[in-house]
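There are two complexes below, and they share chain A, which is joined by chain B in the first and by chain C in the second.
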Partner chain A sequence: MSRRRSPGQVLGRVGLVLLALPALAAVFAPLVARHSPQRPSGRPLLKPSLGHPLGTDDLGVDIFSQLVYGSRISLAIGLGAAVLAIVVGVLVAVLAGWRRGWVETVLMRLTDVTLAFPFLPLVLVLAAFFGRGLLVTAIVIGAVSWARPARVLWAQVLKLREYPHVQAARAMGATGSRCIVRHILTRLIPVTSAQFVRVANAAIISEAALAFLGLGDPNHASWGMMLANASSNNALLTGAWKWWMVPPGLALTVVVLGFAFTGYASEEWADPRLASPTGRLRFLGRRRRRPAPAPQTAAGAPATGPILSVKDLVVHYDRHGPAVVKGVGFDAPRERVTALVGESGSGKSTIVLALLGLLPGDPLVKGGATFEGRKLLSAAAAARVRGRKIGFVTQAAMNALNPAYTIHFQVAEAAALTMPIGEARRRAGELLENVGLPAEDHGAYPHELSGGMRQRVVIAMALANRPDLLIADEPTTGLDLVTQASILKLLGDLKDQLGLTVLLITHDVQMVLRVADELVILQDGCVVEQGSVATVAADPQQEYTRRLLNTRLSPLAVKV
Partner chain B sequence: MTRLLEVQHAHKTFCTGAGARRRRVVALDDVSLSVGEGEIVALVGESGSGKSTLGRAVVGLERLDAGKAMFDAVEYAHMSERAMRKLRPQMHLVLQDPYQSLHPGMRVATAIAEPLEIAGTGNAKSPKVAAALEEVGLTPAGTFLDRYPHQLSGGQRQRVVLARALVGRPRLVVADEPTSMVDATLRAGIVALIRRLRDRFGIAFLVITHDLDMAAAVAEEVAVMQKGRLVECGPTPKVFAAPSDEYTRTLLKAAAEVGRLDVAD
Partner chain C sequence: MLVLAVAIVLNFALPRLAPGDPIDFLIPAEQANRVTPEQREALASAYGLDGSTGQQFVLYLKNLAKGDLGTSTRYGAPVRELLADRLPWTLLLVGTSVVLSMLIGAALGFRSAWRRGSGSDVRTLTGVMVLDSFPPFFVALLLVLVFSVQLRLLPVFGALPGSDAQGLEFALEVARRAILPIAALTLSGIGSAFLVARSAAVTELGEDYVTMAAAKGLDGAGVRRHARRNALVPVWTVGMLNVGALFGGAAPVETVFAYPGLGRLIYESVLSRDYPVLQGAFLLIAAGVIAANLIAELVYPYLDPRVRRPGAVGS
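After this line comes the complex of A and B, so read on.
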């Protein structure tokens, strides 16, 4: 099984290799460097030679040895400061986020104050005040760097504490400390590791800056100190910069890049969902090839021809992966509601994303699809009609409205794609009325509306540019029955009033029987049955269709 | 006669927004409800009707402003968190979203063992964990114990959540929308499982749902909530056949419109 690594992971590996160089140098310094990094081992200011690969400094100390031993200082300062900053940051974040109340107020204001200080001047003042030891430098840098991780992690804790698995644990009677250790800290690891790398990086640069400014530990030649020494001995004028300034500068660059690249990937590495290979196996298993795709026949097309026509569509998520959609063909007849029905994993959303050129990554799409007689499948062709001739209501889009703007503004913004802003504003008001939102709600922000009302807003946005085709992916999921009924009715009404063609994607065929005209039943990326609702629902030919139709739980009947 | 769970005259108000937009939302307004030992009661209503708040209050995640909640004749609505901890193993909460109800970094066995670990009666290696998996139909249990949640389908995850609910043998499980996020074809399996767990272990269920056919299929009693008030409560067949409240009729009509219930002439 070939598994392509994400660009982030490739960078992460490069980062690890870059970090391995200074790490090895630090560990094996006595073996690599033949001279002492502190005591003179030759005449001052020697040029590079076999005995002194990078020459000697103004006191006759071997520069190569200083470079090798300098990696110990840089890494120690970086890791030391990062450990300190992260421990403090995590403690502050968890205490503030979990306890809330005055603890949170005090800790987070303290964090804000620390963040408000300019970093380098603060470090300079503290370093000048507390002295020039290595340990002091690490502590000073750590003591200044905890605030950003604290703030980032605090936001995570606030989010995580409301997660269902944390709520469930609390309901089971778990103590606060158990919730924090088992449920919060374990999920903070990805973000924490990224923050750790970031602080380590900043610490190494800060130490170099401090040393360069004369606040380093004079007993240990760090890379920053080497640069400072070289600079004060006019290395730039004598040509000695080539072996005296470039190597420590390069070494700093290597370490900083190494940490930065590792930081990109550490979040991915720390997440079991991305690390475990069996996740991929199930993915393959679910999309196993079926023996024989059922024969496909185009549903009786009206005289004008279908608005959307799909033939032999095959989709692979990536070029080497298995097909997720395996030769699907169907038509969406004009001014009808066509429902694409299947269980999760049947490929129904993938089909739509492929048609609209919205598949993530580097997918392989084969087959043909035409919209109004023009080819659709290329990204450029899809971009021309998307949001204009084809309106798209994505899955759970109602939760993706921008919380910072009123709904009227957001609908107007969608309409402004094809019309001047003044007209778009008028149109937005009209659209919101069309989908059943009264004028007094137009100035509302998304969080002030119920799920059903937000779904109406999303539908209004999809209709903004007078599309001919509206595609709605699970538009009723997450809504209660009364709202589901009203959203389905809205889609049916819009079809009648605006002469719209609707392509509806759902896992629940029962739900769409009243609103849909045509059914396309999908299983494992293949069409198993299609036709008008009347024929398919009354006399399903496939066992799978019967199973989908037979999801009613109770034989009870109601009088309406 | 006291019932297993009795909620009496529960009140709960939330404040939302800030400044001029600040307003009070009455989530529970004088709600009384009871669940008998080994009984399945469905709580139905639209979103925002307060049914989830009531469920959270029952398991002690939400504190009532006023009113009583009694579990086995012990009043606990105003108990301290520490005193409440003794009661907690007897109740369990199952949440709507099977994707978020399980810690993504915890293996199935560890997740199921959590109630045992909290009560100090077992851990991930206990035979009880494997037995619980078998009970919910994830067999052979050995093939599931070491998986992570992302390696399971939505329906399987909801079964794991139910296995976690039964492993500590609670007397009451509050299930908040247990089927709303699983495929339509899998709902029947979850309903059958809830009934089976009740029959085998005598666990009482308070099932919170907006699906009226789910309520009809699973529960002996139905309680209907609207805007924080309990508008109707009674045996399932009676409420469905002859609803006494106008709002219940609206809900039933909506269920018929989306094809969940048959329409009788």
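After this line comes the complex of A and C, so read on.
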């Protein structure tokens, strides 16, 4: 079983190889280059020969030697400036983030101002005033680059200090400095290293630019200076660019690329979300298609049998991973509320996402599922019913609305799938009224509404196209008790009004007992018991069900 | 505002903090040995360097308020006029290349994000990072090599045509001379726009509203529109940051093309030790950064309703 590497891991390796080249050149420069990089070793402007592999410059200095020794300058400046900037940055970040108060205000203000200055002009002006030595260049670049690491690390410190174990350590009287070292500094390492690579990279480019503009150390030919020299000697016109310009230019590119690749890898390390394999969302790629002619269940003739039927459903998050849902089967009878109940991790949300074709990445879904007698598990079939025949209220509905659009727009957008836009707008207004949002709120953006109101909007969205089945995944998560009760009441009323079938996913047993008709108990990706609420609640057959039903600790005793 | 204040103070302090007598910075390097003590004193009083530090600072602020940035030691012309001559050219280069690199970078970045983890995503990511690793002035040199030296298609130097072309012909000549510098700056700017657009879009794709958008029946294009709308905010921010950075950051590229922009002016001033011009350019660049930030702030409300109508219930 070979696990696929993330792009960052691959790029990181390539980056290290790229960096090894100039690093080796820098260390073994005297062995590699036979001539001095400073004193003339031949006639000026020689073409490449065995003695001078890249010829000589306008003073007769060997270009190959300059190239090899130039790696020392680039790396020294890059690493030197980065060490300086990171040390200052970490100090500022930890001091500001740990002490808070006026220290933080002053330090972060200073950081913001430094950040606001354009990098290269500031370096240019500072370098112009303070001279051209290598050390000065490194210090100037470092002095200008500490602000970004300081800002990023400061945000990280603020986050870390709110972590429970850090708070606990502080509450138990751990002294500041021990706390900082044990809990903060060690955890800052990934982010710090990502910033280090960034600064080093920027420092190398800046040094090259400075040297190219004639502000480099005149005693040490760096790559930027070689390019400037070649340029002022008209290497472009004489053809000397082939050995005088391309090598130092490419050398710069290789070092910068090496740092960029390792930087990308270290940023993945610092922020694992970037590397997570939840990569592709298959529903993104599909071409626009006309809404398929609705597969009408012969009008008038009452459809019979369960509206949704699932058999032996097996789901792997990815092809090589273990099964998360292990052969689940259940039916959702018409116009009833069926509840999928289980602890978090029991696979209940996964089942629904798989049915609707919304699982991210490259999942493996086996088994059978039919909706209104038609097969459901293909991507095309799921896309046909999604939003049209099956309405879905997602988990964590607090964030299920796009912050950039008004709620009316978001409901109308859903309705417009099956009706002309004018009608869709009217319907959106009606729906929002229906779920209890007065007309003056319809132009609101999600952030202007409370959690309960947002949840109502999501329900309105799910109902936009008069679905036959409504799937609600933990519809009351994150809401206060009174709001939970009112959302449940709304769902119940809508069900009766519209003759909906509801599939309710929850871990809240109290909620189930009040609204559900049918019960499917899940544990670890398997169904352990199912039946009508009355039978199962009265006489649970399984120990697990009994335990689940006995968790009456839930304080949801509010009656509506 | 604070930035401008710091820039002013820094401008005042730098020549005084730097090693050596500030007057040395006012004397053109080639004349340094021939200046008599009397001349030095005359210079000192002319530039307000003879009072106490406090008096000097007040005088400096007064002159600044009058728009007097001093006199170039090299050209003998007021710094303000020199800057006013160069600014339009830099605006032309920087404005065009930032818009282009933002558009190209964002388009590629979003495209990569939708295909996250696929071969085409990894190829684009690698390609853009390689492109981004070429130092801007090296890109400029390569462009000159290919288009001017080898193909002889485009002129290399300056911004204005030598002949006295009129009207449309003049505009065309100016455009021909701007193509290569703009191309060099655009190519070097694509990388940051790409990376920001890609990671912003990837972050947005992980949000619940994207799943919800798909769940309510939108097709791929509809769902992408939802994510893109929110990913635009960071792309815009970085774009405006780039405007600030490029204001003086274009110096190496302008130098390659001998383009008479601000960056080139800074370069010339550094070489001739023309410190008043250097300070004036620095101040102007700081003002440019502030202007870019201001524009960014003015546009935020249109991009993000949470900025437009704050003060909400809930989280």
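Convention: the second predicted complex is superposed on the first by the 343 of 560 C-alpha atoms of A that agree within 3 Å, B and C clash if a C-alpha of one lies under 4 Å from a C-alpha of the other, contacts with A are read in each partner's own complex, and residues count from 1 in each chain.
The rule we apply is simple: a contact is a pair of C-beta atoms (placed from the backbone, for glycine too) under 8 Å apart; a residue touches a chain by one contact, two chains touch by 3 or more.
Quantities reported herein were computed from a predicted structural model and do not represent experimental measurements.
K.L.:
Going by the contact rule stated at the top, is it chain B or chain C that touches a larger number of residues on chain A?
P.N.:
Larger number of chain A residues touched: C.
K.L.:
So, A:Val181: does it touch chain B (first), chain C (second), both, or neither?
P.N.:
It touches nothing on chain B or chain C.
K.L.:
Is A:Leu59 touching anything from chain B or chain C once the two structures are fitted on A? First, second, both or neither.
P.N.:
Neither partner.
K.L.:
For A:Gly451 in the superposed arrangement: first (chain B), second (chain C), both or neither?
P.N.:
both
K.L.:
Report for A:Arg547: first if it touches chain B alone, second if chain C alone, otherwise both or neither.
P.N.:
first
K.L.:
Quick check for you: in the superposed arrangement, does A:Arg170 touch first (chain B), second (chain C), both or neither?
P.N.:
In the superposed model, A:Arg170 contacts chain B only, not chain C.
K.L.:
Identify the partner contact of A:Leu513: answer first if only chain B is touched, second if only chain C is, both if each is, neither if none is.
P.N.:
first
K.L.:
Per the definitions at the top, what is the overlap between the chain A residues touching chain B and those touching chain C?
P.N.:
Overlap of chain B and chain C footprints on chain A: residues 273, 278-279, 286, 448, 450-451.
K.L.:
Under the stated contact criterion, what part of chain C meets chain A in this complex?
P.N.:
It comes out as residues 2-3, 6-7, 14-15, 17-19, 25, 114-118, 121-122, 125-126, 129-130, 132-138, 141-142, 144-145, 149, 199, 202-203, 205-224, 226, 229-230, 244-245, 247-249, 251-252, 255-256, 266-267, 269-271, 273, 275, 278-279, 281-282, 285-286, 288-290, 293, 303-306, 309, 312-315.
K.L.:
Under the definition above, what is the set of chain A residues touching chain B in their complex?
P.N.:
Residues 163-165, 167-175, 178, 182-183, 186-187, 189, 271-273, 276, 278-279, 282, 286, 343-345, 448, 450-451, 476-486, 488-489, 507-514, 547-548, 551-560 of chain A touch chain B in their complex.
K.L.:
Show which residues of chain B lie in contact with chain A when the two form their complex.
P.N.:
Spelled out, the residues of chain B in touch with chain A are 17, 21, 45-48, 59-61, 84-85, 88-89, 91-97, 100-106, 114-115, 118-119, 147-148, 150-151, 153-154, 161, 164, 168, 180-181, 183-185, 187-188, 191, 210-214, 216-218, 237, 240-241, 250-265.
K.L.:
Which residues of chain A touch chain C once you look at their complex with the stated criterion?
P.N.:
The contact residues of chain A facing chain C are 7, 10-11, 109, 112-113, 116-122, 124-126, 128-131, 205, 208-209, 212-215, 224, 227, 231, 236-237, 241, 245, 249, 252-254, 256-257, 260-261, 264, 273-274, 277-281, 283-289, 356, 358, 383, 386-388, 391-392, 394-406, 413-414, 417, 445, 447-451, 454, 458, 461-462, 464-465.
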